[in-house]
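Below are two complexes that have chain A in common, paired first with chain B and then with chain C.
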Partner chain A sequence: MAELHVIGQLVGASGFPQRRLFCKWGLHAGSAWKLLEGLREGQTQVDDPQAGDMAYWCHPIDVHYATKGLQGWPKLHLEVWHQDSLGRSELLGYGFCHVPSTPGCHALTCVTWRPRGTWGERLSRFWLGGGPQLLAPDPAYAADRFRLRTEAAGTVRLQLGLILRHFERYGVQC
Partner chain B sequence: MAERLWGAEAGGAVYRSRDPVRNLRLRVRIQRVTAAGPLPAQASPPPPPLSAPRGPELLALAARASPDARRPPDEEEEAEVGWQEKLFSQFEVDLYQNESACQTHLDRQYHKEILKLEKAGGRKNYRIFTYIDHDQFTNLEEHCQKVTDSDHEVPSYLAERMANVRRRRQDRKPIEANSLKSKIITWEPSEEFIKNNHVINTPVQTMYIMGDLGPYGKLGQREYERVLCTIKVDGNGVITVKPDFTGTKGAYWIELDRQKRDLWKYTIENASIQVQQEEEEREQRVFRDLYSRHKEYLSGLVGSEFEMTLPGTLRLFVNGEVVSAQGYEYDNLYVHFFLELPDHWSSPAFQQLSGVTQTCATKTEDWDNVAYFCYPFTLEMFFSQENESEDCLPQWPVLYFEVLSLDFWQRYRVEGYGSLVLPASPGLHILTIPTWRPVELGTVAELRRFFIGGSPELEDMTYVRIPATFKGERLSRFGFHTETTGSVTFRLYCLQQSKAFLETSASRHRMQSVLDRLGGFSQQSSVYNVLEAFQKARCRMQEARESLPQDLISSSFYTVHQTQEP
Partner chain C sequence: MTAGGGGPGVFLVAVNGQIESGEFPGFDDLYCKFCFVYGQDWVPTAGLEEGISQITSKSDVSPTTLIWNFPIEITFKSTNPSGWPQIVISVYGPDFFGNDVVRGYGAVHVPFTPGRHKRTIAMFVPESTSRLQKFTSWFTGRRPEFTDPKVVAQGEGREVTRVRSQGFVTISFNVVTKDIKKLGYDVSPTDMQTPCMPITEGIHKY
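Moving on to the complex of A and B:
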């Protein structure tokens, strides 16, 4: 059994067309992995940047995994949402990334995209907001992504510190 | 008991302890070095100190042990002080003796205690006394503390606030969890709330060990009182001792700036009762028990085994992502990639070795059109070399990819081809691979690409590197026209697993390449083996030569020298 600590934070997001952003995040690991401590998913506050483009959340991530194998290394999925002045929430981007496997501190950027609807949907999105969303927004969905038509959205920044334990005992170099 | 964290030269030191603070005891010893009159006779050689010599001042301290009849009895004093133990000064005794001077409850209590002391036969301390947390002095001292040498220094706003809070609430109840849940923000903070939250409010208890350094027979004058030691303890077990316990540094000195220029020195020692051997052992045992039980619990949850590779195989595990594609001519890009495994490589049956990302419309960022994919994939493969005598270097798996665009009329255009060799070293690799696409010469072809779509494509994508079908000696691409297009960014986390790493990492430090570590089948290692054997043999020969009798060596010197030369 080897252990993995992921300690860090969701720093913020930039490059999105709107301000007032929040983020839902979740960690997804394979069946060999067991979450010992910490929260697997969460949602940040709504942040409205007053100057500049970057919204800061500084949302903590602190999980402790134990694993029986490398298969199914934890992945992080992110959803960036926008809350407008009427209190409606609108999806701005999906992002998926692997949790790093090297110990140490990592400054990650995770790019995001959002589903692109038809011409009419895009027009209504422009005026009214909203737009299509994924039915099952989890990393497993990555397998058949070719059905999707998307457009590039902003980037999310993360800082993750990784602590690995006992991996070298099983001859794993990372 | 306590573990030293840091300390300044002669300033305070910070200790941490989990033990209850009431066990803290200090021993303070004060001694006058120069008396008001002529120097006390110290010419006679001092007896050797009991402990190891620590410095010239300590020698003088040891001299105190010699009986010196001429010195008044209060020239030196030693006191052992417990945490928040009140030792009265002469001044306080005089003050609190008559009940009319007592105003507060504390004063009256002191009055009673002093009376009790008088009945018991007077107090034992003369020069050393203490101010404890409840004394007026503690408040004043904290409030009037100066940090600069300015004459007009006014306490800062924050200092005022801190002093007002009087961080003493030792028995503060922790905030209830449910109240936290119901209210995240206090919209209308009360005065008290602000007071408590805007400054540090860790409860701190203070105690001063003081010295009454007045001239002999004239004790109890306030202007001769000096702080010998300040001890602060907060609710988290942090003990600040200022100045630090006198260890190797030697005693502290106090010079009274009077006409008489008295010089005093004093030492502070930690006299807390040390924990018993068996108690400590018991504590250790309890901790060990706890840890082992926790370990059992973990292995009960997860299981203690870990998937291992077969001996002699290397497992390469890649957590990869297609991050983005940038700088392409057309919009709506997607990436198609596949992995080529060379000889001796295999992958598990369920492993998918190819992938297609979604189609992504680009956006402009820094004058570049970027498409974001963040398409995570996992590749797992095994390398095993059955025949060790094979002298060809093993090949590493290659990832081939092509970028395609899909336009409004659902027409495909090839935007670029590229490839990357999976990194041979473990860790994070961010690779931005430039791509090219084949072009047909002539305007017609370009026009066709623009209006109708479709463009020349490679029949075999391995042509990006050396084609799989290629057998000759030289690969010629003469006559093949390409055009530079954009680039694709990959992020790869590589993990390697092998039993060979277990053996080598323990005995030898990290070596350069994976092949060396796998060991056994590279030519290099065999050369190393020969060199190592040669070194060993040479050492043996030298040892044998040294053990020979001297005359034998001198006679056979020439021959030995000769043999050593090559």
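Moving on to the complex of A and C:
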């Protein structure tokens, strides 16, 4: 079986209207992929940056996959949340990015979006915070997003390194 | 490093470098510590795993940047890239009363492509989660710290930490690897273009 190591960091996020951000993340791969080592999902610390609008998480990622097929190359699902001074959490953005397929170091930026909601919901969000979020975040990462109304949110920065093993033995070029 | 390497199935990663500098607005007279965190398959074979630098200050020629110029030299051997070493940096300095308090923690993976790499990492300090703790820490001058800085390199249990990022540290690495390619690992795009590259073949690219 071919092997894939994803080693890197969730660096942080910028472009969100709030500070004090954290991120829930998960790696999702197809059925041919098997996780041998490492954490598949997690949640970062909450960072309150003292300068600038970029929140830094410095969250390590180190996973080891073995695979029998190329379908379902691993994807990283991200949810950016804001924690306010009362300890309440609100969703700020969904996003996903594919793990790159070329070996080496990659600096990635992942764009995010959030559900928009009705006029009334936007008004209540403006005054009270909160706002709509997906009941099951699956559609956020699937291709089936018809009828979902969204708006732009900030970007997440990642630093991922890829180590591949034995792909060329099967004639696979990445 | 022994001439033969480690044995079958073992690769080596030699890291030279330095903790170059730091930017901590509002703080001065800081020193830093480093240590490496790595998985169970990894063994350091030479060099220093931990270090503690001098105390440095800003000056007229560098009014915002603290210079450490502190060397890092270590060699690891492993059988498996999982658990790739991370360097954990923690920066300390005196507060108003002269007590040493932490000014930032940060971590980054050692780069795995051979060559020279520069990394700027954000540094953060943990915060108290309750108002009472905030008040007592203000009152007693004892800030929250990690008892073991190595938690910075771990992915578990971070959802309970609240931090404040307040500075940057720049590190440069020179990475040399041995036998990674021989074990079938591809760590850079060129590895894939020239499978099992003989030594002479790289030359025509120049």
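Rule of thumb we're sticking to: the second predicted complex is superposed on the first by the 170 of 174 C-alpha atoms of A that agree within 3 Å, B and C clash if a C-alpha of one lies under 4 Å from a C-alpha of the other, contacts with A are read in each partner's own complex, and residues count from 1 in each chain.
One rule holds in what follows: contacts are C-beta pairs under 8 Å (C-beta built on N, C-alpha and C of every residue); 3 or more make two chains touch, one makes a residue touch a chain.
Computed from a predicted structure; not experimentally measured.
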Which partner chains sit in contact with A:173 here, chain B, chain C, both or neither? Use first/second/both/neither. both
Partner chain(s) touched by A:102 [first = chain B, second = chain C, both, neither]: both
Report for A:49: first if it touches chain B alone, second if chain C alone, otherwise both or neither. second
Partner chain in contact with A:125 - chain B first, chain C second, else both or neither: neither
Per the contact definition in the header, classify A:1: touching chain B only (first), chain C only (second), both, or neither. first
Which of chain B and chain C A:12 touches, first, second, both or neither: second
Report for A:40: first if it touches chain B alone, second if chain C alone, otherwise both or neither. neither
Where on chain A do the contacts from chain B and from chain C line up? 36, 102, 166, 168-169, 173-174
For a test of understanding, state which residues of chain A touch chain C in their complex under the given definition. 5, 7-9, 11-12, 22, 36-39, 42-51, 55-56, 58-64, 83, 102-105, 161, 163-169, 173-174
Inside the complex, what are the residues of chain A that reach chain B? 1-2, 15, 32, 34, 36, 66-71, 73, 75, 95-98, 100-102, 106, 110-113, 116, 139, 142-143, 145-153, 155, 166, 168-174
Can you name the residues of chain B that touch chain A in the complex? 298-299, 301-309, 315, 317, 319-321, 323-324, 332, 334, 352, 356-363, 365, 370-378, 380, 426-428, 491, 493-502, 505
Residue set of chain C touching chain A in the complex reads 25, 39, 80-84, 86, 106-109, 111-113, 121-122, 124, 127, 152-156, 158-159, 161-166, 183-189, 191-192, 195
